[in-house]
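Just below sit the structures, each encoded as structure tokens.
The following pair of complexes shares a single chain, chain A, combined with chain B in the former and chain C in the latter.
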Partner chain A sequence: MTRSNEFAVIGKTTSKTDAIAKVTGDARFATDIYLKNMLWARVMRSTVAHARIISINTEKAKNLDGVKAVLTSADMPDGKYGALVLDMGVFAQDKVRYIGEAVAAVAAVDEKTAARAVELIEVEYEELLAVFDPLEAMQPEAPVIHDDLAAYTTLFERTERAMTGNVNYQSNINTGDIEAGFAAADFIFEDTYEVQKQHPSYMEPNSTVADVDETGRLIIYNTTQRPHINQAILSSLLGIPISKIRVMPCHVGGGFGGKNRTLTEPTAAALALKTRQPVRLTFSHEEEFTSATTRHSGVLKMKTGVKKDGTLIASDVKLYYDCGAYAPTPNAVWLGAISSSGAYKIPNSRVEAFSIYTNKMMGGAFRGYGAPQANFARESQMDRIARELNIDPIELRLKNCLVAGDSLHTGQKLHSVRVKETLEKARDMVAWQSPKLAPNRALGVACGIFACGGFATSSIVKLNMDGTASVATGAMDMGQGLRTVMGQITAEELGISSDDVNVVIGDTDLTPFDVGIFGDRGTHTTGLAVKKAAEDAKIQLLEAAADAMEVDVSALEIKDKKVFDKSSDNRFLHFRELLGGGQYKKGGPIIGKASINPTEQPFDTNIVQGAASKMFSTYTFATHIVETEIDAKTGEVKVIKATAVHDCGTVINPAGLKGQIIGGLTTGLGYALFEDVIIEDGQVKNPSFLECRMPTAVDIPEVEFATVDEFDSRGPFGAKGVGNVSVINMAPAIANAVDAALGVRIKSLPITPGKILQGLEERAN
Partner chain B sequence: MILYDFEYERPGSLKEATALLNESGDGARLLAGGTDLMPNMRVEVVTPSLLVSLSGIEPAAPEKRADGSIKIDALTKLSDLVDDELIKSELPMLAEAAHTVAGNQVRVMGTLGGNLCQETRCLYYNQKHDYQFVEPCYKRGGDCCFPFPGNDHNTCWSVYMSDIAPVLIALDATLEILGPDGTREIPMADLFTGDGLNPFTLGAAEIVQAVIVPPLPERFGWGYHKTTVRGGLDFGTAIIVIALQLAEDGETCSWAKIIYGAVGQGPLRPTTTEISMKSAVLDPPLIAVAASQEISPLPHHGFNKGYLRENIRVYTERSLVRAIARARDKS
Partner chain C sequence: MDQITDRTTVNGKKSRSRVLEMSINGETHEITVKPRVMLLEAIRDKIGLTGTKDGCESGTCGACTVLVDGQPTLSCISLAVENEGKDIRTVEDLADGDNLNFLQEAFLDQGGTQCGFCTPGMLMSATALLEKNPKPTRDDINKALEGNLCRCTGYNSIVDSILQASDQGVKPRLL
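And then the complex of A and B:
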């Protein structure tokens, strides 16, 4: 592993701090919270896809024995929320826009009463024409889903089509000279790809217990990836100051981006404030599959100009991402635009990326965050180019891949790029000769890029009297291992062991601001703030030691929880001597702090319009090769083995890395072969784990993984992220393997046996 | 979470259970492992007023009887069918079929009788209907059919997805059924009405008590295949079951049974194919022809008829080949 020998703690596997508690069932999740006099909430949801609300009658529900409160949008302040587009209220306001949209909510003494009360709410609708297809929704004659779209508050620079018709967000990339690029091309490849919805399928549904304490403060126990943003959104939606809200997240039973949302919190909070009793709202799994968020489905058009020797010279990409009825995170569309060039140098590139409303459940954040769609298109087409130009697919990729110092098509100059090495290493690991191994056995390759890090975060490191440390961050651990990694970073910086670090996360009273866990920023960006806070604490500790030992700070060094006078081995002070009691003599307790809001290398606004972010700190890369067995008679595909090589900078925790890679590959595998949220006239036909079909343990192939040597100067101890890029290669790699084996190119996900058989039939005719 | 009230009884014997069912009429349901009933109760497509739990009754171990037949208590857990030495050695097809049911957590709860008496399934039926597909379909006592709008109120194309029933039909099994008036025996295939609205011929107070599998003949061969999307935790896309006997020459088919599961309101049996195989020499062309005979699978769970036919054709051919190989192994 990368440079781990330079470190004491970094690069070593330490067991996850919460592993035992989770295995034994001791870990406390939001649904484990039972408070005295707690009420049960339930949401009443729309049965129609698009309608004006004429009236809502809640009288019968309110009069039911045991019902304590019924709320609709009429009872709420008039606010809307969203990451870039503030378009959604807690409850439907004037209109409903998808089947399953929250119209009202009930709090009652038990769940059964709440359920009966929901049935008693009467809503009169005036039904409107609905639109379910993003390309149809782009047409001028399409029904308009948000009537006063242009008046919505937005947090990005609006491009020409943004906030018009059903387009809520558009970003563009224009680099080089696209016409000249295509004119200079020897070959032009044009393809259209289609991708489906995929649900994050976290096991634990969204859940909040809201309480009002004796001082009138709102206390939120929930399952989230972004407690501090929850706090801010609650403040704005409920019209109460941030300081009157404390979010205390529990363990998170999986998030994968899907809990980078605020769904159950406002409803539970409003009901708690109304009743002055604790209120619990937990979504059913049906609600999760109809009314939470999925990966954006969509249509991707990709036109690429290539020289005879395989050099990519021009690319024109249009991304039509279907965000459903609201746009909680069109940021995914922006990440799709960035990733659509693949990990390649393309001098002339144009991307137009749209987030389009339809009358369906929402599309939003999900591991891979806009990139799995774009990379499916890019990497499928790369293989097609390789085949038609008769160039080895890995050679073609090596010829075009980015290297350090190159600029991405966004104009950002890249400082940490080892995609070439990932391709070479993966090629060696599988002893690649040609993709086809046997009539029904083939390899498929894909590589990819994902934006990593950025956005505001901060951390506090407090040194304890016994010589240990406590580190606080507002970021969250959703199972990915953030607690463990933050502990390791603190320990390494302070020269103590991981066991000597308490990690406090999430609680908005105890932790400083973090924007939330998404976009590979936990280890990279939050980790950097933690490292700097620990550094600050260390400096203060050394100053205290210098004072006590009456030497200069430069004469001191730290080893084994002791501060040594370098000139004499015998002269040292234990941390506990410096911190226990001693810390009160002079200067008070030692508390290190740091905040970060990375601003390096912002996007070039001459090249990029409508960017959802000003920059990303760095980029991660990976190459995956799958070995597949394909039954040409049944169209069934089995992935036998996946080889994954990542450029993730310094590895902080090898076991954590392995978990992230296997987890990401598995999500990618489900996206490639099985998963789909099938919507018919706005209704989800398969709202269950049984029918949405994420991969099971027996579907996961043998995984061999490796990293390439890289030290990212912007990350803590040289580290980058890994959580997202591990998802994005599986679908194209499998599609490429299918093509290699059978000569059938599947351009729509998931790759089902039915599509393969159809492809074979078309090829035969 | 089941959000309505119901009564619960836990009788000490099946006899008491039938008496309870008899007294309570239509509103009562038997609860064995609950792996089919509980999800249906949770989504409220089944809302019994009384659950008669069989959890207080200990099943007898599978037993080989004097005539060579094997009797299996209907309360036997699916995981025990997978692991039982007698079943594994004498009825390996049954053990294999049981092993393909869901996952281990389901198999340690689910019972043989419950698996046979599981409700037919449909994407539009097996989900909650509080804001999606709200209008009751024919099977829910209403007046529409979501997947097949042309169907009339007598027709429901929900599919019967037991992995085990097709195997028991192929093995000529008999069901021992206990009712208020005593026991009766029916051939396994007679459990099914072929009607998705009311899939079973059982009376309201009747309980499947045991399954009796007759001894297998000499030169018996079998093939079992369950097509699924994933490697586990899936109901079958199609289930293909073959049982056959070879004549002494090891080439001629004495008889063959072909049963398809998950693609009809009950198990399907292409009897003309079976007849055409009788006394025929099972060479590859004949096998291919037998596998290609027209069948009419019901499209279900997003799988269309053309795909199902093709999948069934391929796996019928492969399963026939396996069955013949097994039969030759025995000769």
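And then the complex of A and C:
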């Protein structure tokens, strides 16, 4: 086993390679692209929640001075797109299904003219009954949102309810014997939880500048987590070959899953192809809140059977996730199903998880990806069980938590699990005695699991003549520090310094395929491909050295950009000598490459039906403990301190880790206490940061964090991810602290002062 | 506000546009703008300094913060014409050529920037704070940054950056 102190580069803080450009203002984002003759686009959006489109009249808009093009679905090839369910066109096709859906788009000489033209587009609707509640939408008499749902293309094995009524995706987990499990239980706990829509709130709006170059190729400058998938989707939607499209992502001003989408690209591209001029489309702040995506809201029903001593023996979970009018990522529902057992061993488990259409803005990917909802339910209920059985909440968790070698309820055997150690370490860090500290002041704990890594990626490592290197990956850096970490991994493998590595990301002309950065797969999965490509380059370099030095490869080792003959300290060749001057002896310049997909093993279909993925590479774990103080008069909750302990395997960049942990738990704090995109009759009521508030500097508690010692043998240098699991514990930990302090159990998010006051009133009666 | 209704001749045409002399980072720029053009648009679209970021265009996120006569100002909701003759500073003013200033260095040392989109606004709010209060407390910093949103960092590393810059014992991280 290798530990971080045996590494030269891994585990040492390396300044983010792009940080200098970010503090000088030189870093170029998509909105910073200004091209000659650039047109500005605006989108005309539906004002009704559910309607058939009778007619669209764009004549007045087209005739407005300065307008260069107007497009509707009639101008586009008849394609639909999505991750698992191909259900959405670039523009509404025949029907509109939510307020804010794109109906038409305009390109004009400036943004104001484009906005004026949008107002001149006339749409005649035949309004239809709408449905806004996911449970109502599941009833047989509910309005059907997608009439020909069954005919849509899907990329998963359909279960019985999938693609029927308003259900677009369903997965089931059945392990053990659920009836026998509940029969053997001494106590049964049954609760219903509700969760809200949370907006990803990246600071930079969705934006694309599309251009057509002199050869007729489409060039896309955008802000995205998945350039290669963007390229493929553009090809399919616009009916042009992939070779005619270059996606050149700019710096991404935050993504958090919200930019693992293709939102502005097709519209800007179609307008650029039509006008043969560059076109910029940037979402307005309001459009971000009405027409992008949020974390799925939903209802979670959880029934758990427990033995007297606190052993979990049976669990029956139903997840109803509201995906809104289209289902860009029902995968989040699958992740919710996996996470719904928590980080626990439950021998008899049943989960039914649904992704349900309603006439609302879309639910999509957002940091935590389906798990914050499920973990709020699981970890809230665990605390209830602890309280009612009079067991310490941490003891109850330790009694049931997974250890390496256990199987998750999906049947996947786990090889890297240190959740127990995260619980113990967090307990020690806060000197835990009991949750209640003083009147209105208490600690709350939660732990959690997140699926890490997987899906296809690739990398190329080129060695330069002077012994420096260049690594290319189609993955993206949205600020989490992927560039820096890929540089470190390349440097470590090649025995050079991070400063000697140039990292090229994203550009589809320069980089090989990566499916996109989501689900803790950057450091882990892209990292694996980068390491393997560097290894390939290293082997070629050693072979060249063996030839030149006339020794066997096994006699060689690399140190400080030199290849040494191990038998003699004096005999070495500098990288420069092996790579320089075009004098390659072994078939030319050295280029290492790797293509991998670490998720190859399917789930057992006797246990899992409707899986949206194969088995994940590994799982990450964390425990968070919050200290809260509640003002019983106003119901306001203040988190004073948060303690976070993570099992993320080897730490590659400590400063990056800190940013991921504190950033993630801050997003979790907002989810717990106030963030809520409120929709009434399909209309978003608070479409701005002002009305839909996210945490500011004054909301942040003191944070202490730590990691536990773990080396995941299947990760790059033993590493796992960290970005998602940091989000999922805050809501239940805070709910648990509120209950410990006041005896008020809040089962719906966010935990507002109003809900706390109502709970206090109910308790008093 | 009589400036706004002024009619000026631009390129021989009667226009509501006005020619303004804007002092940005110590340089005077002559730009022609319509009366309702915001300072942000003048800085980015007219003068071409894109370091100042265009986030929400509604005064809620703070990414567009610049200093006007030393005061942090949301340039997306401040009219360009109102800022004529004032001393405007943007993020591009902080470094001296290739040499970063102490605050920028501290952001690098403490991991104060992740995606970087809020960073220019954060740096300008922090500059204003440190010019008025060279030894701010953590609370002073939190209050000064309340109008600058960040989704990546959880603010902690930004506050540490400003503490380091104010030479109050927060050392460059050494791990």
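Following the convention adopted for this analysis, the second predicted complex is superposed on the first by the 755 of 765 C-alpha atoms of A that agree within 3 Å, B and C clash if a C-alpha of one lies under 4 Å from a C-alpha of the other, contacts with A are read in each partner's own complex, and residues count from 1 in each chain.
By our rule, a residue touches a chain if its C-beta (ideal position, glycine included) is under 8 Å from a C-beta of that chain, and two chains touch if they have at least 3 such contacts.
In this text, all values refer to a predicted model and were calculated from it rather than measured experimentally.
Once the two complexes are laid over each other on the shared chain, residue contacts for A:479 go to chain C alone; chain B is not touched.
Touch criterion not met for A:548: it reaches neither chain B nor chain C.
In the superposed model, A:99 makes contact with chain B only, not with chain C.
In the superposed pair of complexes, A:632 makes contact with neither chain B nor chain C. By the touch criterion stated above, A:47 is placed in contact with chain B alone, chain C being left untouched. Legend: residue contacts after superposition of the two complexes on their common chain; A:20 is shown touching chain C, with no touch to chain B. Shared-chain residue A:398: touches no atom of chain B or chain C. Look at A:86: by the touch rule set out above, it reaches neither chain B nor chain C. Greater residue coverage of chain A by touch, when chain B is weighed against chain C, goes to C.
Once the two complexes are overlaid on chain A, the chain A residues touched by chain B in the first and by chain C in the second are 284, 688, 690, 695-698.
For chain A in complex with chain B, the residues that touch the partner chain are 45-47, 99-100, 111-112, 115, 118-119, 284, 286, 290, 633-634, 674, 678, 683-688, 690-691, 693, 695-699, 752-754, 757. On the side of chain A, the complex with chain C involves touching residues 12-13, 15-16, 18-29, 31-32, 34, 200-205, 251-256, 284-285, 478-481, 654-656, 658-659, 662-667, 688-690, 694-698, 700, 703. Put simply, chain C touches chain A in their complex at residues 44-45, 48-58, 60-61, 63, 90-92, 94-95, 100, 104, 107-109, 111-120, 123, 141-143, 145-159, 173-175.
Considering their complex, residues 1, 3-5, 43, 103, 123-124, 126-128, 130-134, 227, 229-235, 301-304, 307, 310-311, 314-315 of chain B touch chain A.
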